[in-house]
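Chain nomenclature is as follows: A, B, C and D, assigned in order of appearance, with residue numbering initiated at 1 for each chain independently.
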Amino acid sequence: MLSFENDYSRVAHPAVLDAVVRANEHLYSGYGSDELTAQAKDKIREACDCPDADVWFLVGGTQTNQVVIDTITPAYAGVVTVTSGHPNVHEAGAIEFSGHKVLTLPHHNGKMDANELDEFCKTFYADGNYEHMVFPGCVYVSQSTEYGTIYTKAELEALAKVAHQYDMPLFVDGARLGYALTATGSDLTLPDLARIADVFYIGGTKVGALFGEAVVFTKHNTPKHFLTQIKQHGALLAKGFVLGAQFDALFTDDLYFNIARNANIAADRIREALKSKGYQLTFEAPTNQIFVTLDQPTIDRLAQHVKLGFTEKADDTHTVMRICTSWATTDEEVNQLIELL
Amino acid sequence: MLSFENDYSRVAHPAVLDAVVRANEHLYSGYGSDELTAQAKDKIREACDCPDADVWFLVGGTQTNQVVIDTITPAYAGVVTVTSGHPNVHEAGAIEFSGHKVLTLPHHNGKMDANELDEFCKTFYADGNYEHMVFPGCVYVSQSTEYGTIYTKAELEALAKVAHQYDMPLFVDGARLGYALTATGSDLTLPDLARIADVFYIGGTKVGALFGEAVVFTKHNTPKHFLTQIKQHGALLAKGFVLGAQFDALFTDDLYFNIARNANIAADRIREALKSKGYQLTFEAPTNQIFVTLDQPTIDRLAQHVKLGFTEKADDTHTVMRICTSWATTDEEVNQLIELL
Amino acid sequence: MLSFENDYSRVAHPAVLDAVVRANEHLYSGYGSDELTAQAKDKIREACDCPDADVWFLVGGTQTNQVVIDTITPAYAGVVTVTSGHPNVHEAGAIEFSGHKVLTLPHHNGKMDANELDEFCKTFYADGNYEHMVFPGCVYVSQSTEYGTIYTKAELEALAKVAHQYDMPLFVDGARLGYALTATGSDLTLPDLARIADVFYIGGTKVGALFGEAVVFTKHNTPKHFLTQIKQHGALLAKGFVLGAQFDALFTDDLYFNIARNANIAADRIREALKSKGYQLTFEAPTNQIFVTLDQPTIDRLAQHVKLGFTEKADDTHTVMRICTSWATTDEEVNQLIELL
Amino acid sequence: MLSFENDYSRVAHPAVLDAVVRANEHLYSGYGSDELTAQAKDKIREACDCPDADVWFLVGGTQTNQVVIDTITPAYAGVVTVTSGHPNVHEAGAIEFSGHKVLTLPHHNGKMDANELDEFCKTFYADGNYEHMVFPGCVYVSQSTEYGTIYTKAELEALAKVAHQYDMPLFVDGARLGYALTATGSDLTLPDLARIADVFYIGGTKVGALFGEAVVFTKHNTPKHFLTQIKQHGALLAKGFVLGAQFDALFTDDLYFNIARNANIAADRIREALKSKGYQLTFEAPTNQIFVTLDQPTIDRLAQHVKLGFTEKADDTHTVMRICTSWATTDEEVNQLIELL
């Protein structure tokens, strides 16, 4: 059966897997202290045009959000996200588990508005009782967002500016960063992001790796004894070199970007077909996630041939479904899907 | 200067203070294991008409919310409150500090709607991804609410019914319970509350005590080793008998209710005066907290003679201020305030 | 029945209680922002000869240990105590509840040895795997200790020196500080302590107050947004002025020290009687806690007339019991006890 | 350079890696809901002779200890381990991070003694102040232990008996379970373990997998909503099928045991050589970890040719070093090492 369920349903891009297989010929020391990991970090620093960046590899997205947010947010503070933000909705309370409140702003097609962030902070500090409240301590956005939309360079710069004004680091979740940076119309580059964000991560799990997220601290701002804090969160991988091997491959010859672009091209074709067939796109978004609001008969009809993802009930008779392409999506699969629509 | 700033600006009702002074003639064993505490618990059980109730004394409101919510909510779950709920806004993240998310519903004059609670839970369990989300684990409401409004018996029963349907205990924060139960028009009694809620507390701090909140578990549902859990939260008072002495006094000859009623009578008089003078009450509420939306000149004028509480900005030129009476408010003070209005 | 069970079995010293009663004539603003609290802080600063000290009032000892240790210890670190330390044994895991490990050294009559602390830290940093371990993050000792013993000025200075060498603050739990400072043979003064320790507290609960501990940060080192962090731990008292009134009284005319000295004088008399009657003191200690190792018949005989405290089993036939005097112990009570021995 | 540094310095056993590569031909649904994972679980249930076992796959050892201990231990309780236990020493405080104290017993060559466990619990419940202390809530041991030693079946049964007597589950960390079960002289089988322990895990990371630990709940005792709790701890792998593929391979044709046995055979040869050459083994242990106490010249000499692991300083002139074989150790490597000794 055809599947456009998500972008993490295949093991890994062959070149990544091959790099892991080849690494099996060697012995490496543990916990990321090996040379392959060092080499991968160098390549990422170079791709970011940020020679001083401090790079760390973690295993998964929720884990990365938990470790980063917990370690960059003061004890008396919370993380500011939009209501649709992954840590607010789909991380089973991992942020609160580590002691921090998730403070929410409304989302606009999944995105945070810099003015609203400013207003939120201004209101907070103007409140006579603010010492009895959770301080805004860091800002979390994701690129691309939960709804597949992307921030422009100017939008991210505006967010960073407001965040810094209130003494907060800007953290960009890049679980799907590859898809965001290679989307049609994106004006943001990896070096831009490294310049703007205080910390971000380059998602591997959803962009060709077996697993793995590369966290980049861009401003000499790695939390103290970060390795110990990773371990404390249960997030330190013994065989760090398996992460190193994968990111080394992903950042060789622009593989990461090339395979990400493929997903967007596939998604663009599907979007075009949807529009031409009169479907209602829930969000205007240029990346690998397409949200369509479907009625139940259509859902039932499609479900016989293709797996899609459930997002949420739109109303009593409609549901928002997600069509998700990935680095692995083939032209053939796209053709089949379009035929079914 | 006149003050209607809050209901915790005097030490204690003279009879309560006197009970503490008298207790100084005796020796008591520690941590609430004394006979005075036992006697106070008996009187509360009787007032609740709930002979099996398990009663515990804690020191303050945020502490009580933290201890109770943390110990009755499963690890994988959060507490459901309205957006204006005290634990969501004014407890500095005490709930998240103990690992739980605060899940929010819209408030209606500070109150939770049972249908919206039902809808929230139904939507949660209908979500294909709910295992990745924070479960609704207990329901928190306060009586009276943050805006001085009160639930009717039927409203609380409806909330309890929905809560139990989804396997959640209903927890009622009674920091101002005395004011709620003695409000004009209230149809709820303490025995009603003990029958409806799974756990609630009778606030002492704001109703005549130096400090202290009496937590009542009504359904043989005290969390296991609760004393140890109180201690673990740093909330166990060495001299438990100081709490016992106070609640013994408050629950002798209906003192708790009599002094609470006084605050409502004072508030009713002020409300009447406000209305007759054309002020805009922010909320229709029958208890000791009066919220008025004032323009800046009025705020400035009043501030010269009386301390009021800041609640929130209403718009660019108006602010919601709180006039708060208490068990200690005198007729004279009310007269003075009315003259100033 | 006679009781030497503990030093927190009476409400409060009459002068303290009187100060609370007198405070009832006024209105105060909440959360410690009142002038009575400010005045009490000034008196403590003066008594400490530390004009820059930052003083905060909390309610109880375990609470204070939890709040202070959690807020001064980095996330990747634990608190170093001796095995017999209160946070390690008798706080129901309050430190671990807030996320920190308690790292233990052997005790010597309840005391920590500076050389052993140095050795512990040296070994830690020499361990090739120390990044996988909990860092020593602050040092906790109590004055007096769990066994009634006291540190000399030189011993505390040695501990502070080692602590600072490894970038750790020295935190001194003074739940029974009054008894320690006024013990026969003590060479430590409050200004000494303020000079040596980075943070300490002056215990009120066990030395004449209804409740309350005065935390003193001596080196411009109050944790950021400390009031918010206190609130987050559920430890912020609404009626802070009740704490202010008490400490104002305790630090007027040396009351705190005068009443503490009384307990030591009583204890000295009891110790002398015990020795002359051939009892075995478990520890040589000069403060208000006397530990004696008793056989079961003696325990049973005494239990008919006087309440003592259980400490621990010494062996199959002997038990360590505690005789505890307090600011409230009378000559008459001491006489009665001596007669019983 | 030769390396006997640890048992996690190679990517994976070729058959395991091959299984992962083959899985790349298919699409799988996420979070362990796929059929490959289901099949792996079936094989583990069968190998355990425990048809009702509930099997879960996690990524690493510390993570597994954190998730399991936190979810099986009541909030008011801690985990009992020996002082040398991994969660007590080498997990950077991951247990305390999740709110629980680690309660320690002395170790005997890395092992816990059932009588001492009984004595500890008996003393706890006999303590008049036990409600102010951390309850013993679960028992953690590892098989093999930190020092390479193993429990006999009778020893584990004795521990389980005591644990259950005090209402605690017995949790066995099997990060190196393969090496323990196939050690010369071991009388314990996987079905024995499944019968005795309440929960245990089968370590993959150190026995042939890229990563992964298979947690087995043997007595219908999986914590409620365990998937949600895994996610909350940041421990849920998106591509669960990568774990499924690996354990499916490891539990096909006894691969797990066969490759583990190889490490023990290599270790046995090295041990024999060490003894015959007069080296001092620090512990008598039959598994893949050999601890030898070496003087500095020997350490320096060996360090030129082979990487060993640092364990701890033995005294001023001696150090305990670890020689660690693995599933990947070749006869050739063993020969080379023996020659160097």
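Here is the rule we use: a contact is a pair of C-beta atoms (placed from the backbone, for glycine too) under 8 Å apart; a residue touches a chain by one contact, two chains touch by 3 or more.
The structure presented is a predicted model; accordingly, all values stated were derived computationally and were not measured.
In the CA-based superposition of subunit B onto subunit D, the rotation angle is 180 degrees, rounded to steps of 5. The centroid of the Cα atoms in subunit B and the matching centroid in subunit D are 49 Å apart.
Averaging Cα coordinates per chain places subunit C and subunit D 42 Å apart. Distance between subunit A and subunit D, defined via averaged C-alpha coordinates, is recorded as 33 Å.
Shared interface positions of subunit C, defined as residues touching 2 or more other chains, are 76, 91-93, 97, 99, 131-133, 228-229, 231-232, 236. Judged by the touch criterion defined above, the protein chains are all mutually in contact, each touching every other. Across the complex, subunit C meets subunit A through its residues 70-71, 74-76, 99, 131-133, 135, 224-225, 227-229, 231-232, 236. Across the complex, subunit A is touched by residues 3, 5-6, 8-12, 14, 17, 20-21, 23-24, 26-30, 59-67, 91-94, 97-98, 205-206, 210-211, 228-229, 231-239, 241-242, 245, 307 of subunit D. Here subunit C touches subunit D in the complex through residues 76, 78, 89-93, 95-97, 99-102, 123, 126-129, 131-134, 310, 312-313, going by the rule given at the top.
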